[in-house]
Amino acid sequence: MLIIYMCDIMSSTLWYLYEFVRKKRIISFTCAKTDIECTIPPKRYRKVPVIVEFPKKCISCSACKGACPAFAIELVHNEEYNKKIPVIDDGSCITCALCVESCPTGVLEIGSVREDVEGKDFSIPKYTNLIIDEELCVNCSLCKNTCPVEAISNNERTHYIIDSKCIQCMRCIDVCPVIDAIKTYDEQQLKEKIKLTYDLKFNRLNKINNIETTDNINNTNNEEMENKNKNTEKPRIVKSLCIKCYNCKDINLEGINLEEYCINYEKWNRKTLEVCPTTALRIGEVKKIGKIKDKCYVVDEDNCIGCRICYKVCEVENTIEISSETRMPYINPNLCVRCSLCYNECPVYAINLESTENVKKLYEHRKVNNEFKEIITNDLNELSLKYINSLSEIKKEMKKLNDKGT
Amino acid sequence: MNVVPIGPIHPILKEPIRLKLIVEGEQVLGSEVEMGYVHRGIERIIEGKHHLKGIHLVERVCGICSYIHTYTFAECIENYSKIEIPDKAKYLRVITCELERIHSHLIASAVYNFSIEHETLGMWGLNAREHVMDLLEMITGNRVNMGYNLVGGVRADINKEMIDKIHNKLNELRDDLKNIVAAFETGPLIGLRGKGIGVIKYKGIMKTRAVGPIARAAALPESDWRLRHPVYKTFKFKPVWFENGDCHDRMEVRHHEVLGSIDLIEQALEAYNECAGDVRVKADIKGGEGEWRNEAHRGEVTYKVATTNNGIIKRILVRTPTVMNIEAMKIMFRTCPTISDAVTTYTSIDPCVSCTERTIILKDSKTGKTSNYSFNLI
Amino acid sequence: MIKEFFRKRSLNLCIINTGGCNGCDIEIVSTLAPKFDIEQYGIYVHNNPREADILVITGPVTLPWKDKLVEIYNKVPEPKIVIAVGACALSGGIFKEGNVYAPVDKFVHVDAKLPGCPPRPSEIIDAILKIVPDAIALREKAIKNEEKEISSENLN
């Protein structure tokens, strides 16, 4: 046993000495150097930071700024190209390459990402999300024509935004004529609403175990029942604004059905209105208010041919009315939102843009004339009815007298 | 009774954790674990973000097992939204996942060998791992924190040059690994330091609910969650298991699993060659919530995700395997004769502290009271 | 024997992980592999702050590390230099909105910065070799000038 053990040790020491004396080991022992091969990275390696390769193609849309998860990109005005160009902070970049894939014109580059992902499906991450309200949209299609990536399309009732293509450049909001028809919600607002939901939900569960505070819930329910009996305002859900976040259902488990968008009014709790991030749960009416206040559209009565296309196309109720005196349409400047649908559809270009005061004077004139004419026609109709009734009675009396006489 | 602290900075620890060992003479009686050095609040940061930003956040839960976290996250969302991904993407995901499993097991083996003071085997392990890191960098673009997964597929494709290089490097890795396994099994000093130390058997595992290679070293082969996954079911593979339940066997399980993963990669490459088409598909995410489980390198990992209609994350829950594995240490310390054996036992369970730093709240089922979880292991 | 002889004469390096995800730590540990081989230049990776010459700090600074980082920095003997590695140590990285108090600049004095998430091992060796000899020489000069000023003040 001992002899075999000694032979083992001898052979391993001899093997070690043999390996040490080789020329390759002596050279690398005396002169320390790393292999050049391991310092050259492969083709797909992403080295920090991201490079702005084609600044001339940039359209300053800030899609890269919204897509970065580490807040490393800022848009700064550049003197040479006379527009805003992205500037990237070295210390924050994590080389995820989300900004490279989100850019619509191909300005940024890192490694060989652009070559590998050409033409593939990608849903663009954003900081601010946009959504169109169907109760306020007037279907004027101004947003659809301005969008640089063709992310808006329409069905019969309303227009809608395709979320995976939108780049949050906000040009549609600048062009839309109605205030607040395109609503925004960003990450900070969503975090606050989610925190509020879970505070309400778990405090409520604790309150059921405690005796004092169940009285509060009962009291609020009684107040609500009294209010409901007084005025018949019922809450409703707007389909195109609902993003199915189930915040309302977390608080109010039995009162809301999100598959068919209907509400059970007996189990309704008023706090559910505060929790929706896009105001899809509403009570009461919403009004369409225009942004432009100093100018308004007016019908030129010399050129109008009376086809009434503008009357049929306008989406805001009671804005264009037909005057019974002249048989031509006239526009109400208090309700018009200046969406320019009638302006584009008129076949003889008879609608013009003028200052609001002139339009108001014309509108008052037309309206007063219209009312006056209505009063006169009503009176005439009444009097002629009375005249015909009394004439027929007189004829009957005359006939009776004649019959009596003979 | 004295207290010996193994503090946040120690030559053998990779991550900050404080272990207080209660000793009498040289024998270890028990310990207390103090955590909280790595808590960053990831589950609160991710509320309200888009799902693609969420993938890059979930990757950085842990740097060693970063791919398996994105794999489980993407599969959870695809499961409840009913999205079908193309066949090429399924096999590419399996190839990258198994490559990362090899790299994680080799680092665990190297750190264990450094703690036994056998530096030669540690250096051999680190050198063999470099073949795998070259392959990962060639396919995905980065060595760790790769950013290769999306909801709906994978980011880029591989071509014929890369497939030939994968085959060559895997053959070199197999030769290197056979030397390491032979030296580990027949070396006399390694057996003395490892056999019969830190023993945990079937009853102990059922009591503390340990998972992963710890369970498989104590004769429980059904704990491998790859047997229930829909893509892995189509391959031929058997889980590895041993009987004794000590430090030596846990390392043996890891070495043999590396050899099993090399076979799985070759089967997946053959299946990939017969597919055609694109690697991504358009992702239409529905509002709702779901749950998914997977076999990570250290055990079984669970994810629960809730999203809205256009892909914004509302809430997330992560439960990682090291939470249960650290509990199993209290049974292992009963058979540790010295303090340096206690350090060796700690490195043999392969702890990953940055996976574990979530807040855990316990609820007593009888009284209904809630309290925070504290790791007292006496 | 030969190992101990050479290790007593090398630069000591200490890694401090203030709450990171471990990606940067793994890249520093894998420089020990014979392919990259940081030990051939005379640098010994041994996590003992009492004997360290170079401090490598990774990770965003979390709540328990706020006062401990300054304590450990004061215990390291002079001359010492500090290198901050990774995106988390430079500006907080992706965890800016969480429970962190980044960057490391606010707590200790930093000599060199390495961006990347994580940087490759060849880039780490490159940075250490270029910076360390000159930085240690400058630091020794600065300390000697301070001592001369203090002793001249005492005499006066």
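By written order: A, B and C. Residues from 1 in each chain.
FYI, a residue touches a chain if its C-beta (ideal position, glycine included) is under 8 Å from a C-beta of that chain, and two chains touch if they have at least 3 such contacts.
Keep in mind it's a predicted model, so treat the numbers as computed, not measured.
The touch graph of these protein chains is complete, with an edge between every pair of chains.
Of all chains, C has its CA centroid at the greatest distance from the CA centroid of chain A. With centres computed from Cα atoms alone, the innermost chain of the structure is B.
Chain centres here are Cα means. That of chain A falls 49 Å from that of chain C. For this pair, chain A with chain B, the centres built from the Cα atoms lie 42 Å apart.
Here the CA centre of chain B is 29 Å from the CA centre of chain C.
In chain C, the positions touching at least two other chains are 35, 94, 117, 120. Contact with two or more other chains is made by residues 56-57, 145 of chain B. Counting only residues that touch two or more partner chains, chain A has 41, 45, 69, 94-95. Of all residues in chain C, only 35-37, 40-41, 87, 90-94, 96, 103, 113, 115-117, 119-120, 122, 125-126 touch chain A in the complex they form.
Listed in rising order, the residues of chain A touching chain C in the complex are 32, 34-35, 38-39, 41, 45, 47-49, 69-71, 89-95.
On the chain B side of its complex with chain C, the touching residues are 8-11, 13-16, 36-42, 44-45, 56-57, 60-64, 66, 107, 123, 126-127, 129-130, 133, 143-145, 352, 354. Of all residues in chain A, only 41-42, 44-46, 67, 69, 94-98, 111, 113, 116-117, 120-123, 125-126, 129, 163-164, 187-188, 190-191, 194, 209, 242-246 touch chain B in the complex they form. In the complex of the two chains, the chain B residues touching chain A come out as 47-53, 56-57, 134, 137-142, 145, 147, 152, 155-157, 278-283, 286-288, 306, 308-312, 314-315, 368.
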